[in-house]
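Two complexes follow with subunit A in common, the first pairing it with subunit B and the second with subunit C.
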Partner chain A sequence: MREPMIEPDVMRISWGPQHPMSGQTRVLLDVDGEKVHRIIADLGFTHRGIEKILENRSFFSGIIPVDRMAMVDTANMSIGYVTAIEKAAGLEVPERAKWIRTLVCEMSRINSHLYAFGLQAESTGYFPAVFLWTTVDREVLLDLFEELTGARWSFNHFFPGGVHHDLPDGFADKVLKAVKYLRGRFKDYWDAMVENPLFENRCDGVAILKPKDALKLGATGPVLRGSGIDIDMRREEPYDAYGDLEWEVITEDACDVMARTKVRYHEIGQALNIMEQIAQSIPDGPVKGRVNAFMRVPEGEYISRVEAGRGELGFHLFTNGTGNPYRVKINSPTLRNMYVFERLAELNEVFVADIPVIINSIDPWYLDSDR
Partner chain B sequence: MNSNSLISGTLANLVQADQFSLMNIPSMVIEFLALNSKPLLQVLLLPGLGFILGFAIFAVWFERKFLARAMLRVGPYYCGGRAGVLQVFADFLKLFMKEIIIPTAIDWPFFVAMPVFLSTIPSLALLLIPFASNWVLWDVGSLSLPMFFAIMGIAPLIPIFSGWASNNKYSFIGAWRVAYMYISGEIPLVICAAGVAIMAGSMDLVKIVEAQQNMWFAVPQFIGFILFFLGIFIESERTPFDIPVAEVELVFGWRTEYSGILFGFTMMAEYVLFQAWTLMFITLYLGGFNGPVLMGMPTASHIFWLLAKFFVLVVFIILLRCVFPRLRMDQMIKLGWKYMTPLALLNLFFVIVMKILGVV
Partner chain C sequence: MSKISAADFVKAFQKAHPEAVKSIESTDPRRADLVVNNESFIDAAKSLRDNFGLLMPVSGGAIDYPDDNRIQMIYYLMHPGSRFMLTYRVDLNRDEPKLPSLTQVWDAMSFHEREAHEMFGIEFDGHPNMIPFLLPPDWKGGHPLLKDFKGEGQQ
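Showing the complex of A and B:
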């Protein structure tokens, strides 16, 4: 990236990529003392060319790199690509497979939000206690993933036309047990974060993103809903079993870092509700239809939009009648939210100490923005 | 205690050259030890080297092992049994072995010298603390309270200098955070200490402790007690106030460029500061070494009571580390100037009123 000119009387800090909190990105901060005048995000450190890789792979094997776009949120990444392929090929998915997908997606969402939660606590300077609590609680979900799919991370469970494995015996009871356990744990998070006066000090009124700006800058996911805008792809364009389940879209009106944290908190509650409903009333039936792994897809353009943990994930699929996609354009939530992050210093008074708090309220996953 | 006895005894033995021979050395050593056993114990053991190093080792071990429980971990588990007692030594050895990386284009004499001063200056202040009425290593009489604050006033300069000498942007910001934090945090503490000195009628720490025989100053000066308790966190840069080293914001604040044993010194200094301010807090507000005399040994029981109070408080303070996020710099300055300083003045006012009315 060509660095923009630096103004007089400010110091430019290269915040990352070698920094305890930056992740795989570089953020240039123009600071005057503690005040941040300008934020410049420099993405692309983890570019792997996933869009190009997908062009050289069949529709089935393309799911594997797509899975690796966001390791904590694997299921929600692959569901987007799988849905796009199903639209293109006109495949019907059995009802039970849809419900299993929804279950795995919601578990993945909790997994992702727990990680965001832990980092949010850590970024305010918490001793890493809360971060490790969330890590330990994620184990519950990872064990469930392992039992269902055989892998704890990037399990590559979905394919166009179904899922690879049916629920094992007694899995529904284990899901209910996990839901009960996580509900019990969530009071601790509420106390440690939302109810903690020092945490409130750090998060209330920081990095306010007005609804108008959120829409204009293209914010998505919890960032958008934390600004009070009621948009959730699971409800706007229901995919899988979301249309059949009872849940609600969470919004908060405070528009600040705390609002985004609360949105994630309540979304985990909703995800637990969904998990419970699925475990109690999943329909019987097959989990995969008859699908040719080397299928050819008719020529055309197809779009799928799904709600991943970090926001709306879009796949724009161009096909040319062969067994590979002609071009796949991925619209990733982190990239959209990073544009918002860059503008927050202009919209608010931001201090150096707020940078980790803000960047983790956006919950970036640079592997999905860099693709 | 007469600090001259240490030197005069040695000199007296050495000057008598006609008696000096190799055969006499053991008897000279025994004589020297007999003459100077108390100052030697003080220098090597109690307020001195053994206590400072031993506390640093204990505190690091305790922090790792018990805060690990708060994080649902087990902490050091293999080195030195399941309690992990030897892990601290292993890590310290590692720090000794590591290469000291000194960046180019920095002021290297300053950069290397500062970490050494960093732990010696608070240790110097620690020697002023009375462990019993006759167990004070550095007895400066009525100067002891001002001397403590004078020495501790130098302490924040060292991070500022080392942050400047590091020639690093993070170190630079961290150094100025140190400056802002100490100015806004230390002034209320001095005012609180003035309140204690007025109430005790002396600036001699021994007399301050003896004035608390009937009632700890924590009771009449409750505001000062709370402020000074906060002060321990501010001065030793512990969690709600670890603003200068905030590792998620500035990589490691003013310590960013330090590596190897120089980094070890900076960590050590944190614990020495913590130790010195906690002991001062106990001396000023929690009755110092006062306590019931056990088994007819007043000195030993006084030392025991001070250490007992110290370790209870230390455990409490360390456990508080895992429940607070960090304050922001502007919030810290606001806390210092808007709340702590006026409250400290209010406390001082109450003390003066009580003194005039003759309540205390």
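Showing the complex of A and C:
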């Protein structure tokens, strides 16, 4: 990136990509003493050209790179692309497959939120233990993924028209056991972290994003809901089994880092409720229909919007009657939230020491913003 | 937040700006689609934001049609009150793709226009910060998402 000019009395700090809290990005901070005047995000370190790769792949093999857009949240990435292909090809999904997908998506969401939650604890500098707790608790989910799909990460479980494997024997009981275990752990998180005065000091009133600004800047996911706006694609455009289940859209009104952390915390609780409902009342039946792996879909364009762990993920699929997509536009949640992050320094008084806390409250995953 | 259904929005916008509209339709209660003329591009966008409540920018991208010699720029907008999504499109000449920047209406389109600039070569007049975005700073390989771009190993 060619860097824009700075004023003479301002110092520019390059933060990341080697910083332990930055992830695969670089952030330029224009600082005057401790105060940050301007934030410039330098994305693109992990750009792989997924949109171009998808144009050269069949619909089925395109699911694999899409799956790898966010490793902690793979199910919610591939469900968007798979839903778009199903709309294009007019495929019906068996009821049981829809419920299995919803189960895997919610497990993936918990996995993603736990990771974000642990990093948020780590970023304040006081709670390295919480990051270790969440890492260990994610093992419970990874073991379930392994039993269901054969892989712990990027399991590529969904395809247009169903899922690859039915639930193994006794899986529902294991899900209920995991839900019970995780519910017990969440009380510990609340006591040790969220209600801890040290954590409150670092997070209360930091990086306030008012509802008006959140809309204007196009925030999404827990960042938007942390500003009190109840937009959640699972409810606005129900896909799979979400319309049949009982759950709530979580919002918080404080609009700060703490509000975003609490939204993630309570969303984990809702996801556990959904997992429990599915384990108790999943319908019987087949899990895949008859689908041609080398299918051609009619010419047209199709939009799918799903709620990934980090916010709304959209796929705009253009087809031209061949076996490959003509173009796939991916509307990534992290890209939207990174713009919000850039502008937070203008909306608030931001200090250098708060940057790790703020960037983790956005919960960026650069592999999905860079694509 | 105001509420208007996608079908009512289509009728109201058609009535308010007949000269700007190339085509407008809503096939689904959650979607609306609007193609505008190049001359009315900014005025129609301002009207969408101020009069029709499409406050929320979602994304932006382009698609290349070499056979028709055009590139279509697509902006995705959301109505936060009634929750439908509008695809706001404008057709550009493929030989010289040029467009006034929509950052003067929704400044969050900045990232998406930077991406479209390097992926499709579209020039955005008045963009405040047109610096390389996803591609390497020393990239000289052309515009990767154009249909005639050949990557390494492609003939």
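Definition applied: the second predicted complex is superposed on the first by the 370 of 371 C-alpha atoms of A that agree within 3 Å, B and C clash if a C-alpha of one lies under 4 Å from a C-alpha of the other, contacts with A are read in each partner's own complex, and residues count from 1 in each chain.
What we mean here is this: contacts are C-beta pairs under 8 Å (C-beta built on N, C-alpha and C of every residue); 3 or more make two chains touch, one makes a residue touch a chain.
The shown structure was predicted, so the numbers you read here are calculated from the model rather than taken from an experiment.
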Exercise. What is the contact status of A:352 with respect to subunit B (first) and subunit C (second): first, second, both, or neither?
Worked result: first
For this session: Return first, second, both or neither, reflecting whether A:293 touches subunit B, subunit C, both chains, or no partner chain.
Result: neither
Exercise. First (subunit B), second (subunit C), both or neither: which does A:124 touch?
Worked result: first
For this session: Give one of first, second, both or neither to describe whether A:64 is in contact with subunit B, with subunit C, with both, or with none.
Result: neither
Seminar exercise, completed: The residues of subunit A that touch subunit B in their complex are 11, 13, 19-21, 31, 33-34, 121-129, 132-133, 136, 192, 196, 198-199, 201-202, 351-356
For this session: Going by the contact rule at the top, pick out the subunit B residues touching subunit A in the complex.
Result: 67, 70-73, 169-170, 173, 176-177, 239-240, 242-243, 246-251, 321-331
Exercise. Where on subunit C is subunit A touching in the complex?
Worked result: 30-31, 55-59, 61, 63-64, 74, 76, 78, 80, 83, 85, 87, 106-108, 110-112, 129, 131-137, 144-145, 149, 151
Problem set entry | Of subunit A, residues touching subunit C in the complex | 1-4, 43-44, 47, 49, 51-52, 215-218, 229, 231, 236-237, 303, 305, 312, 314, 316, 318, 326-327, 329, 331-332, 335-336, 338-340, 370-371
